[in-house]
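In what follows, chain A forms one complex with chain B and a second complex with chain C.
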Partner chain A sequence: MLKESKFTEGFKKAVTKHSTKSLLASIISIIVGLIIGFIFMLVASILKPGSSALGGIGILLTGPFNGLNPKYEIGNLIFYMVPIIFTGLSIAIAYKTGLFNIGAPGQFLMGTMGSLLVALSIDTTGNRFLGILVWILAIIVGMLLGMFWGSLVGMLKALFGLNEVIASIMLNWIAANIITWVFKDSPLHNIGEGKDGYLIKTSLTGNFSPTLGLGKLFSSGNISSYIDIGIVIAIVFCVLTWIFMNKTTLGYEMKACGLNKESAKYAGINEKKNIILCMAFSGALAAIGGALYHLNAGIEFKWQSAYQTLPPWGFNGIPVAFLANCNPLGIILSSMFIRYLSTSGAFLPMVGFNQYFADIIIAIIIYLAGFTRYFIGRIDKRIRDMELARLLEKEKNGLKSDPPNDNVIVMEEEGKK
Partner chain B sequence: MDTFVILIQYTILYAIPLMIVALGGLFSERSGIINLALEGEMIFGAFIGALVTKLIIAANPQLATSQWLLILGVIISGLSGGAFSLLLSFSAIRAKADQTIGGTALNLLAPAIVCTFGLILFNSEKVITGARFVIISSQYSEAMQNAMFNSWFGPILRIMFDRLYLTTYIVIFLFIALSIWLYKSKTGTHIRACGEHPSACDSVGINVVKMRYLGTTIGGALAGIGGYAYIVACCAATAESSVAGLGFFALAIMIFGNWNPILIALGALLFGFLKCIGVLSSQISFLSTLNLPMYFYNIIPYFIVLVVLMLSKRKSGVPKAEGIPYDKGAR
Partner chain C sequence: MEDKYVIEMRNITKEFPGIKANDNITLKLRKGEIHALLGENGAGKSTLMSILFGLYQPDEGEILINGEKVLINDPNDATKYGIGMVHQHFKLVECFTVLDNIILGSEDSKLGFVTRKKSREKINKLMDDYSLHVDLDKRIDEISVGMQQRTEILKMLYRDSEILIFDEPTAVLTPQEIEGLIHIIKNLAKEGKSILFISHKLNEIMSVSDVCTVLRKGKYINTVKTSETNTDELAKMMVGRDVSFTVDKEKAKPKNIVLRLDNVSVVDKNTKKSVVNNVSFSVKSGEIVAVAGIDGNGQTPLINAITGLGPVSSGTITLLGNDITNGTIKERIMYGLSHIPEDRHKHGLILDYSIAENFVIERYLEDRFSWHRHRLIHFENRKNYSDYLIDNYDVRSGQGSNTTARSMSGGNQQKAIVARELDKDHSILVACQPTRGLDVGAIEDIHKKIINDRDNGAAVLLFSLELDEVLNLADRIYVIYDGEFVAHFINNGLKPEDLGLYMTGSKKMKKENIVC
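Now for the complex of A and B:
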């Protein structure tokens, strides 16, 4: 009994301290990343006359405000946050459970497939109420498919001992081929508009995401931006996931599995169950991202080449999750930041650079974000060492209340993660 | 017979980059560093290799078919892949960063660098070298060509020379030599030991930090070479910001091969073979009568890898200290 409470206490302490420190650490990596990006631009401006490094960094900082119509740019920025929030959440909860879900692209595709099959097959043009019902059904079907796809990874790992990375990679490509196969002979192709290989848009069948008037709010003249209800749902899911991971027994058990498998087992946590459940949740989240992205009235899905390249939204969830240190609430900020940089990238040609500089800077920031964990760990460890020393002192003085061994176990876990 | 020869030729083309990159992954994981950055290292190695190749060909167009230039390209891409992997090893070993994050960052960085500098230097997101390194059949004498197509040992000759690139032989040589080195030499054994029990290594005087740097750098170099071999054989010697997920496949093949070079080579060949069946399904009479869509054949290799792994209950060869930064202070 004593052992368990000690374990949970140390556990809680580590988590609460982590969140504040990791925010600071992320900010530091962002600032250093921008400085290194500036150096990159300086080098490039020597290679390419007519470009200005100072102008480049200015554009990166001002982001969407460089556009002719900032409102429109911000609307799109917010819309493109939605898919990476969901895939980021998917990767974050898996990572907290000790799993690396590189299968988010496949689960994203499954969500896309399920939702589009429903939303494009049922025609509710004219009846907005029915349209919303079908829209909800589409998301649920997509979510269930993604849930199934994610739980496949979990089952392969838990029941057959497969490495989740290899299972995810294989299932990604299986999903990519299935989705092209499914839509190959479907009547949902967009044949008009001189386009080839695309599906029709959800606006054609009336089952598109409600915009809540946001599209008009963030518009440029008559052209609305893509923004819709997705961002609201995304933020709600961030909060829900945070509550799930931090305030429920199941979420707590999952995190315990991630921190130290052996101790979790020792504490009576069913690891296999947790792996399968976690991957199912993970898959569901990524799939909702795929569904919400493609249910937007203006987004089209290119079925023809889907089997050749995995959707970037799936992989982009990885930097989003890591920059937020896998904190569901932090993901709102990190996704906004990453989209902010990507949006500004589009304006870089104005000063003679190309948009990929933004990608370089994002990569550098993620790289630096990896380091900060080490520094957090070191500070934590120093505090623990001091506590341990104090405990040992206590014991020497004859107060044998707590065996110091327990603290050593907690310390080891922290060292490993 | 003809389809069979072509099938084997394609299998080799595809399996060669896969197996050398997987061996690169093995080197770094055996030393204790999870190398998720194989994809990025491939892209970067191929990019620098192609850059140098392009510049040399631009200066001297006659060299576009020179095998010496190919060898130079392999060396350059190996060096640059190794240099790029230093970023990963620095973050993983020195800064004790999470290795998954470091690898992810490198995978993001490499394509961005290719696109950025490709656009700056050549106004294109690709580096088109214009090299033609294939050992072309027209280079053979007529007698040789007769022997290839009209005799009983012809198919073997064709598999060995026709439509082949020198990189195939370089890779096979490197693969065998380095596998033996990793398992038989003193340094190789030290590298492997660092992935299993770093503190024990430290206690007998092996420099864990150095060994891990060595393992990861060799791994990065092999991934760079693999990237170059891939673009030379499969992409008309054009470097792009993507290698079609081959780095991740290589990682999967490494796990599939249970961290063992022989099994990795077999796995790469099997995977390459299954992949090519899909590509050539319309040409194989037995398969074309089934009239299945190509997506079906595309799925088969991934599916079979999963099934094989599910059915084989074996002892995992995963290095025990993999992914854990070595901390001298910790017990």
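Now for the complex of A and C:
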């Protein structure tokens, strides 16, 4: 009896924990999303003979394992997680402070620009030690630029009351145009000039991200995948951000501002300072994502189209953050999941579907994640019912359960007598 | 007649995890009767009414309407059986007219367009029948709270409700509006409507109801005829022990000046009107100074000026000799400001934070609650402190320190704020409506704590709309009218009548008699 109650107690504790509930809700939305996606493909397969919906879902589920060399695919999958982990973190911490940072693409671009200007203007070919130093410097410069870019949004909001969404959309395009100007017409334009509209790879100046041998581990024959140290740094940042939001006084302060601005003010918390700081952190995170992505030895940055299309990595942080319910640790999983589906998209033509079906399904899942609260509510109710059933069961068995409050009342009444 | 009931709720039991909200409760309502449901916060009144309204299903027991057993699965069923409810917080669409709000959801239409003529006639007739008049063409945000409540009542009448439930209807009203409401309710009963009146205010129950059912801690206590009982008896039934309505306190021993205002004025940013006008006064340690007045006479901007939530246009405010006129809230807290805010949801609590997190909202940077140069939260100390406050201030919460503030009852939320503000080192306590929405037992308790705080050497500045509270607690009283201090009294046995004329602005003291 005791053992059982201990077990149910533990189970209840685990399930009622908010993070567990969010995880459950995300899993539910993924499953439902896949089912809807399957129906989509079923309809499409009727319209287009020769395609198979079951095959399609199979490919989505097996993802990178459809490739000739799964190891290589997995290496790339992990590499492409890095930028969306960072933009996801950027959006998550802003959201927890009550801000919607739609400016991640701009901050991502500023980080890209800052880091590449450093990494491509200093040539350390041959000296790996110096190369690493410049690489670190590049990340820091990129981060500072992104931090500045983010804090601009914060300042506009805190000091002039300008809505952060409007401010960051504008700053996205300003960043995109600045970057085009810098690499096209500014005095700095010949730094790292590559083929038309591109910069050269960082491997040519020697200041590229260490691969820690991961590239070779996840390779296909002689061709290494892109994977590098970025994923390690990304996971470290997820943990750090989680600690920041949950264990530090500053995180507590920021969340207070996000949850109830007025009572934060009442308690003497400087809301304006927190908005600016939060946007600065948020910008820094997105910028590190941009820096780490482009500092990879094999990536060339195409500045030419920046002023027309913002980098997708910025906006893709939004689904990553929300699928994880803005939990920094959850972001590791959600980014992995999204990249897993994206990777599988490339193999969909094998069963007669367009690769964009994967994107459709991702979009459906993100959409469902919006219902997370609803799902959480359902789970909550289920737990309450279970609890109730347990209590009633106890009663039936003759074990009169005294609700805790009754004890309090009795003691209190005796005390007052 | 004697045994004919419009509603019978028999042996209702409803259990929530860890608590029996309703334990074998029976409630019988006759036609044309005003039946009061009395109980403290958490006594199970709301649960019982939610069951009647179809929001919850009872675990045991049955509901009979006009002698027939019914199942009420949702509010639509309740409406079908002629049950209507005026909620404590009105459910009105602010930017709609009164008329549109009343017909919303059961409007007549022709070719998809709303036709209001028939509805208007019906409502006009209702208004005449029950002498319950509202301007139908005004928007909700243009009319007073009392008028909004009338709109809610008309909404029920329009839907032909026979059984009207009023959930704490007076909580939001001014004394004059309360009188009007009581009149309306009596009218409704006279016209044959049956009324359930939920309240914890004894005076109202005595003046409005015919019969009163008392609940305590989820249990049925008794049903009595109001004419055969008195407030003391009801209070005893409700709380379970004798309750004293007057507070015992010794004479104040004021010492040094803690808070001082000199010619403070506040000009409203939007209307450019002066909402606080040249106010000067001071509060000494060891005394309770109350500001009495009818709601909306400048109390809120004055409170905001003192606590830092709002601006000061001219004049100076000093706290312990430090000029804080334009100081930040953090500075004020540092000089010892404790503030029980008027609006506990807007300012007092972060509803999605746990009670422990809420307890340290002003103090999280203290050595005790943070470590590593105040950068990291000290969870263990915070938890211990929170447990200590919960024990010492009798804050009841389902899961102890981890309970989110949102899931606590209003009374316990208020107790939590009081606990936090009193337990913090402070030189002055600015208490704004400290007992709003609390039940008798809790009010008595908080009053004792405030007096205790005074005796421990704090200065107390009390803002209250409840005259009884002001007269019970205050050592000195200022009356505020239209943003101005119009009277000053030393409280030695003052009666409400003494203040009345000043509060309505019909009388004013000479400026030099208003000592600061």
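Here, the second predicted complex is superposed on the first by the 347 of 417 C-alpha atoms of A that agree within 3 Å, B and C clash if a C-alpha of one lies under 4 Å from a C-alpha of the other, contacts with A are read in each partner's own complex, and residues count from 1 in each chain.
The criterion applied here is as follows: a residue touches a chain if its C-beta (ideal position, glycine included) is under 8 Å from a C-beta of that chain, and two chains touch if they have at least 3 such contacts.
The structure displayed is predicted, hence computed values, not measured ones.
Judged by the touch definition given at the top, the superposed model places A:T248 against chain C, while chain B stays out of reach. Contacts of A:A256 after superposition on the shared chain: chain C is touched, whereas chain B is not.
Legend: residue contacts after superposition of the two complexes on their common chain; A:L47 is shown touching chain B, with no touch to chain C. Counted by residues of chain A touched, the larger count belongs to B, out of chain B and chain C.
Residue contacts after overlaying the shared chain place A:K265 against chain C, while chain B stays out of touching range.
Residues 412, 416 of chain A are contacted both by chain B in one complex and by chain C in the other.
Chain contact summary for the complex, chain A toward chain B: residues 44, 47-48, 95, 100, 102, 156, 160-163, 165-167, 169-171, 173-174, 177-178, 180-181, 184, 307-310, 318-319, 322, 353-354, 356-357, 359-360, 362-364, 366-367, 369-371, 373-374, 377, 412, 415-416.
Here chain A touches chain C in the complex through residues 247-250, 252-253, 255-256, 259-260, 262-270, 384, 387-388, 391-392, 403-406, 408-409, 412-413, 416, going by the rule given at the top. If you check the complex, the residues on chain C that touch chain A are 15-20, 59, 217, 240-241, 307, 309, 328-330, 332-333, 339, 341, 346-353, 357, 361-362, 364-365, 370, 374-377, 394, 396. Interface residues of chain B facing chain A in the complex, by the touch rule stated above, are 87, 91, 95-98, 100-102, 104-106, 108-109, 111-113, 115-117, 119-121, 242, 244-245, 248-249, 251-252, 255-256, 293, 295-296, 298-299, 302-303, 305-306, 309-310, 313, 316, 318, 324-325, 327, 330.
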